[in-house]
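One structure coming up, written as structure tokens, with questions to follow.
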Amino acid sequence: MAEPMKIRATLQGDVADVRILMLHPMETGQRKDAKGEIVPLHFIQSVVVTHNGKTVLDTQWSQAVSRNPFLGLRVKGAKAGDKIGVTWVDNKGDKRTDEVTVTPAS
Amino acid sequence: MGKACLKWTMLSSLALIFAGCATYPDPATTRQMTEKMVSEDFTAPTPALLKRLVQDRSQTICSRIGDAKLTQEEAAEVVKLARASIQYPASGKLVGDWKIGDNLAHDGAGDRIQGGRLEKRKENGGLCQNCHALAPGEINVGNVGPSLTGYGLLRGNSEAIAKLTYERIYNAWAYSPCSNMPRLGATRHLTPEQITHMVAYLLDPQSPINKR
Amino acid sequence: MPTTRGGIAAILLACLAVGGAAPALAQADDPLGVGRKMLAEDNPGELWIERGKSLFYQKRGPRNASLEQCDFGMGPGKLEGATARLPRYFPDTDKVQDLESRLLTCMVQLQGFNRDDVVKRAISRPASDGSDVEALALYITSRSNGMKMNVSLSHQKEYDMYKAGEYLFYRRSGQTDFACVQCHGEANKRIRLQDLIHMTDQKGVQEVVSTWPAYRGAHFVVRTMQWRLYDCFWQMRLPELKYASDTSIALITYLHYQGNGAVISVPGFKR
Amino acid sequence: MNISRRTFLKLTGGAGAFAAAFAAGLVASGQAWAATWNKAGFESKALVDVMRSLGATEAVESKDIIITAPDIAENGAVVPVAITSKLPNTQQISIVAEKNPFPLAATFDISGGSEGYVSARIKMGQTSDVWAVVKADGKYFTARKEVKVTVGGCG
């Protein structure tokens, strides 16, 4: 069910400005649905960002990160064509990996 | 800015002229056609609730398109209807409990219709916070209406002021015909008792609205 | 009688008002501005565009058809610039239609969906995956990104709808005595902290017509213009506006024509 | 207190729920990556406990940490927070919303290849200080900024 992320990686000098949008409910386990039933806790626990395969950011999240999360970071020593990979894993074991190439500043 | 604006006006008028044969319907035709739409395009859980869409005489007068001005006769009629609408609480007391008024002023819910259901509440909120600045330092307040901060400090809390305040909340159009202020008592959004609490909230020296 | 001449006068007056008004844009000392900018820069609404695209080209519904034959006014399947000219008159339905009512026509006629079913689901619940119509409306509008709104009133029915929309914009009713103009007729106004767009001003109305569908932060889904109008009537304590009704299309025609020249940029981001 | 505020508090979660979810095994702690997930920190209800879980009890305030966040957040469910650390060899950044039921929102471990900068969006139940806790060159530093939360959407 995990849907593709939207990743932008744009070169600014030798730094890649990386912006990641993910579709995820980030449920706190407290919200009730339309039928009045509690929606179980369901949130992304970890996001790992790689640059040409090498981990540059390893995150741990709680359910306090907003629904449809955003993550921004800056990767040093990048050049156009480099690969930026992103993988998230949630508390139910669902995961999703997407990859983009770094584009020159427009 | 001004230049761009003029250009835009000219383009628009050109478009209208080039359109040639098409002309706007006269206001009476537009009214008839649009009122028919309104009568067909809304749903409500009960026929009584659907009647909310029907305009009363004052609303009809106050629905002026664009910058059209009220005539003196129209303004006088709206004021007269407004004056006649005002009812006072059974107790005769116009100043209630400011603490209840404080809650009401910050309550924006009640009486909305969604998913085929009417929002059920013991009473409607007063909606004040939506449009008016209230106690000093409050951030989450609107500015569609004038600031009410220090309302009582500026005016005192004489009987005359209490009566004026009550009437302005009950039916603002008695004093400012067709203003943006809802006729909260006259449209039955609030009860006379609720309005007395809001009067207290505005006038009582202990009320947060009158703190410096 | 305010025929063509009155129309021009109204536009001129609106223009004069623009000249004197300060722009209601975020200023440096705006305590809300930082957050608004940060949120708008990375808009989760973009995640819905791909979904809308695949829904558009997928064979769906009882007739197992895609929407590729749907004519939004530029010819079957031609989407570039189509929403920039909506609402417009369509001879096949003999009606003025906005994007969403036209989409509905195609989903019913081409794909065989039941109209009531689509309408029932059109506006999604907050914090849900959103509806098909929301994703489709966003995708179709995104194909006009960068283009200017250019609604015409060349057909008599388009004129009629425009005038009906204007009438509705100023029509007061219900227990709040509100019409649209009570909240949207002046510059720099807010309901609580929320900015109210000044729609009798060219810049204001242009912002409205060029930024829907939009991601609504508080709802976590993409919302459309039909939802925007529905929600206004809800807050006004009025009965529920029917999806894709003539009343909604009239208001949209009025606003979109006023907003001609605005550059479409969707998804918008609303608080 | 209006309806949307109550709804929001539900969104941000009551104190017991998270721990209960752990007990019920809803949080898949068996996964390999979960070994590094700071369970104690994310379950902490007070700032001091969060700091202890991070090993940051000796942290000192630093002017080289910049928190970019709104003075007033219009929607507590989506509060944008960006942290920039100019401290040499920044290794880790945590975002903590002091008055949340569970204050620790996120921890970012930074490897050699990325700058001392992260940007994210968090839920906040009420007006609160937002803390940045930064580990740089083995030592801990903090900065904080108040974010006022007004919950709109009703009325």
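All chains are identified by letter, namely A, B, C and D, in their written order; residue positions are counted from 1 within each chain.
Convention: a contact is a pair of C-beta atoms (placed from the backbone, for glycine too) under 8 Å apart; a residue touches a chain by one contact, two chains touch by 3 or more.
Computed from a prediction, not measured in an experiment: that's the story for all the values here.
**Q** Quick check: more C-beta contact pairs at A-C or at B-D?
**A** Here the pair linked by more C-beta pairs in contact is A-C.
**Q** What whole-Å value do you get for the distance between subunit A and subunit B if each is reduced to the mean of its CA atoms?
**A** So the centroids are 46 Å from each other.
**Q** For subunit A and subunit C, what's the span in angstrom between their mean Cα positions?
**A** 31
**Q** Measure off the straight-line distance from the CA centroid of subunit B to the CA centroid of subunit D, and report it in whole Å.
**A** Here subunit B and subunit D have centroids separated by 43 Å.
**Q** Rounded to the nearest whole Å, what is the centre-to-centre distance of subunit B and subunit C, using the mean of the C-alpha atoms as each centre?
**A** Distance between chain centres: 26 Å.
**Q** Can you list the subunit D residues in contact with two or more other chains?
**A** Each of 72, 77-80, 82, 119, 121, 148, 150, 152, 155 in subunit D touches at least two other chains.
**Q** Hunt down the residues of subunit A that sit against at least two other chains at once, touch-wise.
**A** Within subunit A, the residues that touch at least two other chains are 31, 67, 70, 72.
**Q** Which residues belonging to subunit C are in contact with no fewer than two other chains?
**A** 192-193, 220, 235
**Q** Which chains are in touch, pair by pair?
**A** A-C, A-D, B-C, B-D, C-D
**Q** Hey, which residues of subunit B end up touching subunit D in the complex?
**A** These residues of subunit B touch subunit D: 106-109, 125, 127, 129-130, 139-140.
**Q** Mind pulling up the subunit C residues that touch subunit B in the complex?
**A** Residues 1-4, 6-8, 10-13, 15-16, 18-19, 152-156, 158-160, 162-164, 166-168, 170-179, 182-183, 186, 188-193, 196, 200, 202, 233-235, 237-242, 245-248, 250, 260-261.
**Q** Per the contact definition, I'd like the list of subunit A residues that touch subunit D in the complex.
**A** Subunit A reaches subunit D through residues 15, 28-32, 40-41, 45-46, 49, 51, 54-67, 69-77, 89, 91-93.
**Q** Quick one: in the complex, what on subunit A touches subunit C?
**A** 3-6, 19, 21-23, 25, 31, 34, 67-68, 70, 72
**Q** Touching residues of subunit C toward subunit D in the complex: what are they?
**A** Those residues of subunit C that touch subunit D are 31-36, 38-39, 192-194, 217-218, 220, 235, 271.
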